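Before I ask anything, here is the structure I am working with.
When the chains are written out, they are named A, B, C and D in that same order, and each has its own residue count from 1.
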Amino acid sequence: MNLIRIGSKQAAGVVIGPVFAILAALVAGGIILLIIGFNPLKTYYELFSLGAGTYLGITESLKRMAPLLIMSAGLIIVFKAGVWNIGGNGQFLIGAVLAAGIAPLIMDKLPIFFYFVVLGLLGFIGGASWVCIPAILKAKYEINEIIVTMMMDFIAVNFTSYLVRYPLNAQPGLFPQTAVLPIEKRLPNISLTEVHIGLIVGLVMVVLVHYFIKRTALGYEFRFAGENKKAAIYAGINIKKVIVLAMLLSGGFAGLAGANDVLGIKGSFQAEWNPQYAFSAIPLVFLARFNGFAVIPLAYFFSFLSIGGEFMSRAANVPVFFVQVAEALMLIFFGVSEYLKKRSKLF
Amino acid sequence: TKAPAIPPHPGARPLKVAVVVPASSTDQGWNQMGVDGLRELKDKWHLTIEVAENQGYGDIKPVLRDLARKGFDLIIAHASGYQTVTPEVAVERDVRVAVVENPAAVRPGLVSNYEGEAQKGAYLAGVLAAKMTRTNVVGCVTSAEVPDWNRMTVGFMEGLHSINPKINFLYNVIGEASYEDAIGGKRNTEAQIAAGADVIFGMGDGASFGIMKACEENRAKDGGKVWFIDVIGDKTGIDRKQILLASVLWNFDVVYEMMLIDIYSDRFGDDYRQTLENGGIELAVYKEIPSVARAAMKQAEEGIKNGRIKVSNIADTREMRSYMRRLFK
Amino acid sequence: MTAGNESVVEMRGITKRFGEVVANDHIDFSLRRGDIHALLGENGAGKTTLMNILSGLYHPDRGEIFIQGRKAKLASPNDALALGVGMVYQHLTLVPTLSVLENILLGTNKKYYLMRKYAEQKLKEISRIYGLEVDLETKIWQLSAGEQERVEIIKLFYRGSDVLILDEPTSFLSPIEIKGFFKVLKNMVASGKSVVFITHKIEEALDISSRITVLSEGEKSGEIDLDGIDIKKEEKQLKNRIVNMMFKKAAFGEGKKKGPEKDSLDAVLTLEGVTATNDRGLETLKEVSFTVHRGEVFGIAGVDGYGQKELAEVIAGQRKVISGRITLNKEDITNMPVSLMNERGIYYITEDRITEGSVANFSLAENAIFRCYKKKPYVKSGIFLNNKAIRDNGNKLIRDYSIKAQDSNDLVKTLSGGNIQKLILARELSYNPSVLVANKPTHGLDVMTTRYIRDEIRARSRRGVSVLLISTDLDELKEVSDRIGVMYKGELIRVVPGKEATKEEIGRLMLGIMN
Amino acid sequence: MNSIFSEPFFTVLFGGTLTASTPIILAAIGEDFVESGGILNLGLEGMMLLGAFTAFIAALITENVYIGLLSGMAAGVVLGLLFGYLVIYLKINQIVAGLGIGLFAIGITSLLFRILFGAEFPVIPDITDKTAIPLLSKIPYASSIFNQHLITYISWILLPIAWWVLYKTSFGLNVRAVGENPAAADVHGVNVYRTRYLTLLFEGVLAGLGGAFLSICDLSFFVFHMTQGRGFIAIAVVMLAKWNPAGIFYGAFLFGICHSLTYGLQILGLDVPREFILMLPYVAVIALLCILARNTRFPAAFCNPYERE
């Protein structure tokens, strides 16, 4: 109980600032809209009413949160340990393709619960396996993990493309993809909602990781190594172990997010599918200052923007590109609010 | 050859139709043609139209559900990548949808399929290319290996082969999903031209502009022009070097209109074809060509129409690749 | 002494707060031309803060600064440098990846391109005049702390500042070097420069300065003008006066009870022909052999950079041994990882408190569980940290060692240099080592804490702890050690009994003079 | 098929490699300075893209390549200074700001392009030409090396200059010091903020030029997000080069040559799934890192904003 209070108190501190950020970004976006000849009020009305004021908007945003939360959980670990895994997109794809490729083979053989657990684990293993090379190169030879994970991303795109075009191609002639899982072999919805249980997995993961980092001896090791490697060595911490473990965990979480999307959303792995959640999750984790609780509302907001923004662009007839501009402005003003918070202790 | 007038249907309200496309609706290619096809029908059918563009190949279910929520009578999911997800939403929300190239998904009243016999148009393009090449090297540059593109590649190869089995056929893929990679398109095309190609068959939305640019900038080995054969759209407006030889046009209004008619007559849920016969597919030739070429094309077109010439319909990459190896050793 | 009356620096009413801590409280400070002005005070008294303000690094909350009689607005160190005020900071400010020459050129090169030739020439001159040698092409990270200190000082000479501020410059220098360094300082003031000299060694202050200012708890507690005072005669009085000024408020935690006298001469730690390389890959430790017995303090003397650090590191498991053998109670512990060394009771106090000894962004409490976070009571059921126990432990160390901090949640980066050093000592001693390797444990500590630590080391040794004590302070070595080994260029050239050896004899040995 | 193994084919592969590596070299030189100064600019891609867009608009209006190039550089500078303001003055997390700037550039260029041109597809009349260097461009196999756009030659000349500036001048020393230990640089009188702003300004010029090269030299039109990840490749190249401008050429060239191989091998009819061919550049970089870049140290202050107190 006490733990939760502390976590949520910190989270509140981190979340109040964004109110400013949202307003500022809306104003800046509004100016752009005016310049290019659109009515900002109408645009924003549509954004909020459709994105947050309709059942559909809320439901879809909640679903979109799941991969962001799961991926963020891994990123909190790896960034805290001072390692830069920016190849989450590739690890996501590998986890997804592994789950999607194996699911049809086992779906009739396992009880549904174990089927999901096995596929989740496979996703995790897939993502983790994709990070093995960068992790070993980093731990053994201090080879820069930023480039290696980035390169592994490109390789993952091509590798998964190969898999679904050749060995895993379920129906030659259709768009290259793995076998489409029947609806009943996908993640069930949380009762009374249309949101699949991936959301709960995401929430649990990010909270667990929060306490893992803050409250466990291993978490202390990770933070220690991330803050000051030399001191960690001095204190007898096995840095290589920390690097490899942190990277494997983060890759695993990215892969789990992939399995989640296959089982919860897509039902299969398609060529050319690359949602690049890592590019949202990375700034999100920084904005949340690695606080698992703060990640949750931020992830919701990001999801709301991408879902509501798309709905809005059609309703208000604003080119959909404006959504990207708005997302960028949000990111930037979230950053600015961090600055103001430090400066004025306003929040 | 356009479709019949609106069937009389008193009291029927104007329909609401939406189209969902993966990239920008102004790409002068697949996406734009898919949207333009609907726009062409707007006035005639008093349609209410909505365009959802730039949807990528991610999760399009939220958009489909939003359109269903808004009460659209028909949602056209205009990308082969949407062909299995969209029917799921059709069932879930009880909304009419149309998908591309997935005839198995057809469900009366709910899901229609449409596809172009583009391989036949591409066959004619292949015949034209074989007749126009001076170097006997013909190139094909594509931005991805997806069913549409694969079909056209196969048709094009067969067309080439029918005229000259000894022709050198070059085939390049720009990259994974590099529909918009204009520079990649340019580089690949330049390399093909350097390898001797003087006719380039280019498939690739935004990337086509790069392919076209390479044809404009470079001379063939004999010092003459490099011809560019485009697909889906019509780029004559930007053809300032006069290298755009022809285009395999896809007129989607043809199939869209069939769907509208069927909605009115409660027969929606069918497999619709764009064919040479109904004008859904045509090879538009923009330049003066020698009469031998014209004759060969005419002969091929007739042959296709009367069934004497069979054009293979191959959508799968692996199959297409092995066929390519067999055809041009 | 050529102390004039004209003051080159006047600081009036300087006040500086960090959150709730008042680091400087209405301090007046003046420096006369040609003076060496010593600044003394206990750890955390506010010396560094005051001088950081003078060097333009910090901005005072209140107060005025006059330089050469003119009111100065110091927005950055650059402004102060432009007015002729240069500083060597307590925690050295060199760029580790750059060479010595590049570090010297940094900020001093006036042309667009780097004037290497010119600088080399000028530096040769400086080395000749002041007797400070250093290889210009070596990278900073390859140098020992003492050598780095030298680079900073050379740089200050190179720049030619009129006012030099030196924040504890002697803590890494050996007595011989200090002597030379003082000669240099005297030369400088003779040529009209002025120096502020921060130190914890009252003897040094009396030896060289013409004025002394003492700070305590952020306030100025006194100023002594030494002009016209016969220091030899009044040394004892002066010392007492200064100590009283320094600690007018502070009180140090009670020293530990002395244990029984040592009983036996069992060999505990033995090195046989140990050879190791430094970070540059050079063999800086050559065939070193010795034995430390139970309850013995084995001192190591030597000019900084002659292998003492590597020696400490190989024993502590921080550095690999190339050849040779290290045994602990007859067990071979050569190249054992740090954690296993710790299990066997070997603990190590590093000389590098900032980058190795502490984590700046961790709280004091988190810094205090470096090697024991996996042990009870800091961890519950082997997994979860016990925050209460961790905090309590931090607070206990704060109390026992009089660490100047609000509480154990304070981040270490807000502590003064000496207080960080105290924290590291407190932490390593709290593990109850059976073998303690201490590299310059008292550097940067005020006199009272230094006293306490030396007593503590003696006390522990009486209770059977074996200590390897590395220091550049010969008084410390003589006072605490049972035997003193002298290192010269990586070799242990002589071992002398601690009590009998004279400082002169050790000093000669440190220069490699064997007879 | 033998006719393919001809001199022109390899020449074009080679020439194409050089052309393709030009914008990467330019952006990488800029990023080299920025990273040496302790900042990671993930918005590099956005700078290039905005440069490409602005240069395109300016060139379309004026039909003058130089005005186009200058406008591209100016746009890069504006975005560079904006990024600088965010990360240097406001001290916003650099990853967040960089991704934000990149996303902003993608969004705003697409948005404006759509608003300005709708479904039109404007093309600039030919305003650039390749410049063949006399004599050199006549050498067989090398002809295409010396028949490039002027900007390509400039990018080559910039490499040694960048090396010289970084290692032999006060500014370069300041940059390296600021990236390694800004506190030390500060107390020695180096203006940390100004130095970092300057690196970003410099990067803005080069990245903007690189982007402009894409839209008005290599092509003559603008397509949505036409940089296609080249900014990220440039960042990888800088790390591969271990922040030494001399290494940038090799890194960019390696990428270029591997990309050329991806299409060269396809034309030569290499019979493996093309996915494996397309992986080549990335696999090559990892392999090279294993050989060349062990124990790479980042500038110690990498990604850390500098604050004095």
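Quick note on the criterion: a contact is a pair of C-beta atoms (placed from the backbone, for glycine too) under 8 Å apart; a residue touches a chain by one contact, two chains touch by 3 or more.
Source: prediction; values computed, not measured.
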Leader among chain pairs (count of C-beta contacts): A-D
Chain centre separation in whole Å, for subunit D relative to subunit A (CA means): 29
Averaged-CA centre spacing for the pair subunit C and subunit B, given as whole angstrom: 76
Averaged-CA centre spacing for the pair subunit B and subunit A, given as whole angstrom: 35
For subunit C paired with subunit D, centre-to-centre distance based on mean C-alpha positions, whole Å: 46
Residues within subunit A bordering two or more other chains: 158, 161, 165-166, 321
Two or more partner chains touched - positions in subunit C: none
Multi-chain contact sites of subunit D, meaning residues that touch two or more partners: 110, 114, 273, 275, 278, 297
Chains touching one another, given as label pairs in label order: A-B, A-C, A-D, B-D, C-D
Contact footprint of subunit D on subunit B as seen in their complex: 23-26, 28, 32, 137, 145, 168, 170-176, 178, 180-184, 186-188, 190-196, 206, 209-210, 213, 221, 235, 237-238, 240, 321, 325
Sites on subunit D touched by subunit C in the complex: 168-171, 173-174, 176-177, 180-181, 183-191, 297, 300, 308-309
Contact set on subunit A toward subunit B in their complex: 50, 54, 56, 60, 64, 157-158, 161, 165-166, 169, 172-177, 180, 183, 261, 265-268, 270-275, 307, 310-311, 314, 320-321
Residue numbers on subunit D that touch subunit A, as the complex places them: 86, 90-93, 95-97, 99-104, 106-108, 110-112, 114-115, 232, 235-236, 239-240, 273, 275-276, 278-279, 281-283, 285-286, 289-290, 293-298
Residue numbers on subunit B that touch subunit A, as the complex places them: 50-59, 61-63, 65-66, 69, 80-81, 83-85, 88, 101-102, 144-147, 176-177, 315-319
